[in-house]
């Protein structure tokens, strides 16, 4: 339930359209609903300004559909991340208005279009072509949270002139999300070019001592640029979530 | 050289107080000065809005003093982190107006008081008494960067009612910096209470499998709250730097 | 062979129903039987109060069935953990009274219902929906060992009010088993609410620096709550075993 | 403030010896007191049955003394762990009735003797002479929490007959704390001999791939005996705390 | 080529049955033969007393067959380890006299039976049923190298009486190979019972912090019994090889 | 676009065969072309003397084909590494002149034969048969970059005479690439025999504590021979690239 | 108590020189004596052929002296390892006949000279000058256990001709102990030259990714020579102990 | 003994100035001399073109002086690395012509000035002021090996314009040594600017997840620029040694 729905409900009580008893019963559900395998946090979009997001990994198709169902009662936007194509199919056959973004492995269900809000644009930069899935998770999340989003792909530090071609876009962004695997150097260079917060996302792209993304993660945490904060490996969603919070301040 | 100094210089040129030649020579120095053991980045405060900060570890007292000297020509505020007391003594005997914060191991030299700017207040929360040095590094940095800063110490999750006593302060902050060692659980709980960006700082407080802060770091990166971004272990400075960038948007 | 069976045997000897020779031969088997690929420990349920449990991983279906067969001579309850569905099928077609719990990957074969014993109830709490398989391993084990068991699922620390809704259940439990992956913070918070022993079970739920559960494990071992002891990653069985021993004191 | 003190206070209010106002003021302090560098949790001994313990590492002598001072208003027993001799001296010169146990690096201050409670005895076993400091931390903590405690030292698995000499003591204990470094095998063997909960404490004793205790820790978590739960490396205190909770059920 | 074949060749030269030229050509091949993808070391069984063994992992069926072919010219026994069933099939269809031991994943091809040599018996002990594959690799290798071999399975330290039932066998062995996964404690206990060299083999049996056998390996390297030396995880072959060398001294 | 193509274009402009406008448009493309999922760096072969190489892992067949298409406009040689057979098939059906080296998992497309250049020969040595895929990646890359390449396979340090048979080849090489898994000792021994730069390539061949090649990598970085530099695990391509740069000096 | 002392005691009983009662009391002490901080294992030299050795690290000078005192009643040779000079001084002032080997940090106290026994010679090889302390721990231990010992220092694989100068000594040894830090390659090369068991000892010599000896350890466990078994980092004592057991077979 | 000395000796034999016997005796010493704690490799400068270098860590002052003494008989240049000031003092008081470079912890003893050789210049770049000691080890080694060396300090990627100021020097170097700690990103950026071999040196500069230089090392091994090879952490000497070999081709 978001601020709008709450407001409307209370106005209906005021106008007599809804009885106090009905509203009470309805608001009680606002809080936390226990459906056995999950607690649906119905006043999260009130508290957080955005509904809880379903982390799809390790959940069955049934559980994902079940949680979407309960959330759909109160929410306008429902997001599920790390959903494999088979589970997505199950969900979409139940909720045909939802969309599945295969590359990003995300389900997005916007009942009504989400209006663009926020202070400015979020820019998502990715070092290589192989980082695209993580970058797209960030792009889609940020858009679903009501942000204007730009993206630039394959501008790793080995050919730094590729990056400099996009200097204008870089300098005009409000928050930057920088996605990189391998040596994870891109956030340091980008952060050195701006005076904006940079959210760095290490990816598991690489082999050998890329260590599944640990090397990129550690490199980013050791950035010699100070305006960098970091999220977990391949966590494009989390980066966009933080960036959206910042862009909304 | 910050925006003010640049403005004043150009006005003096306009008014004839400074000749174009003098200004040119002076502005040339604005860029990057090579002093052998360091490159002083004089237009950083123009570019970044805050001068380069001296990372004291691994630098000799002579090098710290030397860099401070060059920076002082153009900057209003000079910060040095991770300075041990002996090196601090050497620096203060040369720059008596500077201050040494022993707990945080920082030198702060404000030639003129830094005015409070920014959207709102930055709140620094620390899980335990032993986390104070890192928390203070964050507090002092954020203040020196012109922010209003509040702090609450020793509110770890083992006695969660201690945290809830400060709910109001928590909910009113614009950005939160949460400092914790051991299991590093505090950022998750705090981030669950707000819809603001939370910068988590793991500390090396603990023993055994605290692994010098790695456990807290990894826990924070795995936070089940999505509005959390993380900086390096014990990096109170970096957390404050990012928070200040956010608060200034 | 449990205490009951032993008692009955000895009474039969006393009453003449069983000859001393027969009893001797039978009791000899009580000790350890070598079947080539395994040593069946027949007096374990005498010594430990509960029969040896078959760890299914790395054992063939034939070996599992073979061990169950030998154990069934003397035991009332037989448990096998980490059994995949195919091996389970083989076992159930041989022992049709046994039950397979797919989610928990366990076979339970109770020849006679196990009576509820113990000082009070064991409460199993799980942080997320994805932690259910491990939580269920704990629930089923504890029940098979004769304990009253309650469970609460999906009460992670990111929305701490969900946890507080169950405060009564939490405060009334004799022993608590707390299951969590990702940052593993739940045991610290729960342990801070009670003065009972808490057995923490890290799970391999998560990605990136969850490191297959190592992060949750290390976080739990570093708990700032002192009434926490920990078992191996995903070891719901072990947690229930220890909890049952405590509940029976 | 323990149950006794609370009872007495309320009785005084009932009898008129203490005014309602005074009691209120006093009880308010029961909750959590913020002294800047720490939050003193005054109703912990009510909630937990034992006061908060001061973790000495990373705290200054002043901070330790300050916290002891505040706690002493309400508590009968005060414990501080990981206190080095110099800080201990400072504390003892301020509180001459307190005792410092150098080997265990603990301060114990019992205002009145703690009566022995609990279901039975706690047995502390240590694998080697070098494990004594950690074993003694467990022994002293368990005693200060009102338990009968036995101990046996230097019974590592390389000469298993040494262990078997103490079979009787082992079999009669209610809870066992088993302390071992190096390969950490002792808990598995001991747990195989009893049907009681075993709390295993890995120590940092060893060299090379003992990895500062990680090897012993991991070995204990992988125990093929199921009645073993584990605490952090060198955490004798934590083991005793859990054991005391169990013994008090 | 072993000592026998060499002797016979030289006797044939002496007796005129083989010309010097033929012998020379033949002996040249004794040394190292380069077949493009491998160097066949033909005088290894002269130098080492046992032919090179084919490590099957990462080699194609063609490469395994090719190397066997070349070795078969000069050797009486050919061993290949870590051969999966498909590759084994290819090899056996080419060399029908060879045998495939599926559990141990080994091909053994003895052209003539290998006579039992050596000072005494090698005893292979395995902690659990799941350790059988590694134990069998050791048993088969040691037998193929001409040793008398005994084996005892499933005598882990959790029920130490199972181990003691085999005390006689243990005390009479010349060299002991002790195979264990999980906490890897068995070698310490066994080594404490004898004054013979113990070769410890960690296995990858376990889960969570067994870390694929690292925990067992590290535990064994930290054994508090001094007569223990260790080989790589799951390296039953290597253990048998060293044991055979010792038994032949 | 390589130096030759550039030269020819400019000569055509000079001779009037190409108008200045056309040349400008064409040269603009020389720089960096953004095709959405990748930035094609067209003046790399000018800048680096060799075109960018396509890292196939994590790229779809479509992306690989797309990038090859754009690169083919300007380049004479196109290389793609870590291409699995299915993706290779897709590429070859589009570019029938290209070749797929299955063992090395590489696509090589030479429009015109690459002439042999460079100071001398590059020698590729591999410790074992299982290291062949990585060694072949190095051989093919070095050849495609215009070098004379020799190779010797299966000369690990366990039978050092095998290595010494190739002493002449070893001593005559200009640069040596030494490929080894397991203990990674070969580069140390080889480097001790020559006064030439040795590029060491660790491979993931091995098991247990080979740790996926980390052990070989670390061993090589710790080489007691000083003329050794190292590349990432299994990075035959990178080793050849550096070696080619050296051979071309 | 060794075999000799036991024999003599029993002869004295037979001859009446010692009463049965006295012998009984004396033999009782043969077993395990509990002195509070240690269990002295008096029949170890009977069981193991060599008395328990005192591991000095983590023991106080008082504890070392105390254990030596008790052991001296029954043993001819007493060894203490990892004794720092200060503790050694305390021990030697109490037992003036004992010797301290500073380089190896060992105390050796032979009441009567130990006769040379064993099948042949033990050869200790060390890769570098910095490995001498560990090599000497092996040399001294092996000598104190009654072995003939040779040693060769500084024959690392970077200049392999240095090693080959000692080929004769290498080929004639019964057991070889090979000590190396850094990349730990020496055991593989040496083991390739002989058909004898090789005990490899990694040392903590090196820096960076020598990881305190882990790299050498892992390399040795991955040796492509099969006649290698390994002991813990810097464990010269353990290597000699195993070698002595082998040499005595 | 270098090529010159050998030539001169042989010419003296030719001219009769030195007898064949004397030359033989002298040349014999050329090979390897065993001085107990070390093998001096006298024909290394013949074989390698540069004498063996003394690794000072873990060697006593006496050992360093002793080895220098033996080497000085045959060599013109003697280098010792990782020498602490106290040991250096001992060496310089014995060899007053030698020089100690405190920052780089190196002793350099050139009997006659080393002439500059090599194809071109070696450029040493260091990311930060704290990397100077490692960079200087590289500079001094390369100079002592007869190379022209340039250096640029403090040009980390956070302010990339500082690096670009030195573009000319960078593009004109024959080999580049790039020294960086923290995130280790500098080699990737530099290597992207040139078509020359880049030797990357990670340093232990940093804290937290810099992991003592492991992060920088891993980042460099994962460089998205292909012309990068890497040496051990803080190994400025090794980088210079490889670079010198390359520059001399």
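Residue numbering begins at 1 within each chain, and the chains themselves are lettered A, B, C, D, E, F, G and H in the order written.
Everything below uses one rule, namely that a contact is a pair of C-beta atoms (placed from the backbone, for glycine too) under 8 Å apart; a residue touches a chain by one contact, two chains touch by 3 or more.
Bear in mind that the values here come from a model prediction, so they are computed numbers and not experimental data.
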Mutual neighbours - chains that touch chain C and chain G alike: D, E
Farthest chain (mean CA position) relative to chain H: C
Euclidean distance of C-alpha centroids - chain A vs chain D, Å: 44
Geometric centre distance via CA averages, chain G-chain E, whole Å: 28
Computed distance of Cα centres, chain E from chain A, in Å: 55
Of all residues in chain G, the ones touching two or more other chains: 128, 159, 208-210, 214, 217, 221-222, 226, 232
Which pairs of chains touch, using the document's own definition: A-B, A-C, A-F, A-H, B-C, B-D, B-H, C-D, C-E, D-E, D-G, E-F, E-G, F-G, F-H, G-H
Chain D-facing residues of chain B, complex: 128-130, 132, 153-155, 159, 161-162, 165, 205, 207-210
Partner chain D, residues of chain E touching it in the complex: 127-128, 156-160, 182-185, 188-189, 191-193, 206, 208-211, 214-225
Residues on chain F engaged by chain H in the complex (per definition of touch): 47-50, 53, 119, 174, 195-197, 199, 217, 221-222, 226-232, 237-239, 241-242, 245-246, 249
Complex contact set, residues of chain C against chain E: 31-32, 34, 36-39, 41, 44, 52, 55, 57-59, 63, 67, 82, 202, 204, 212-214, 217, 232-235
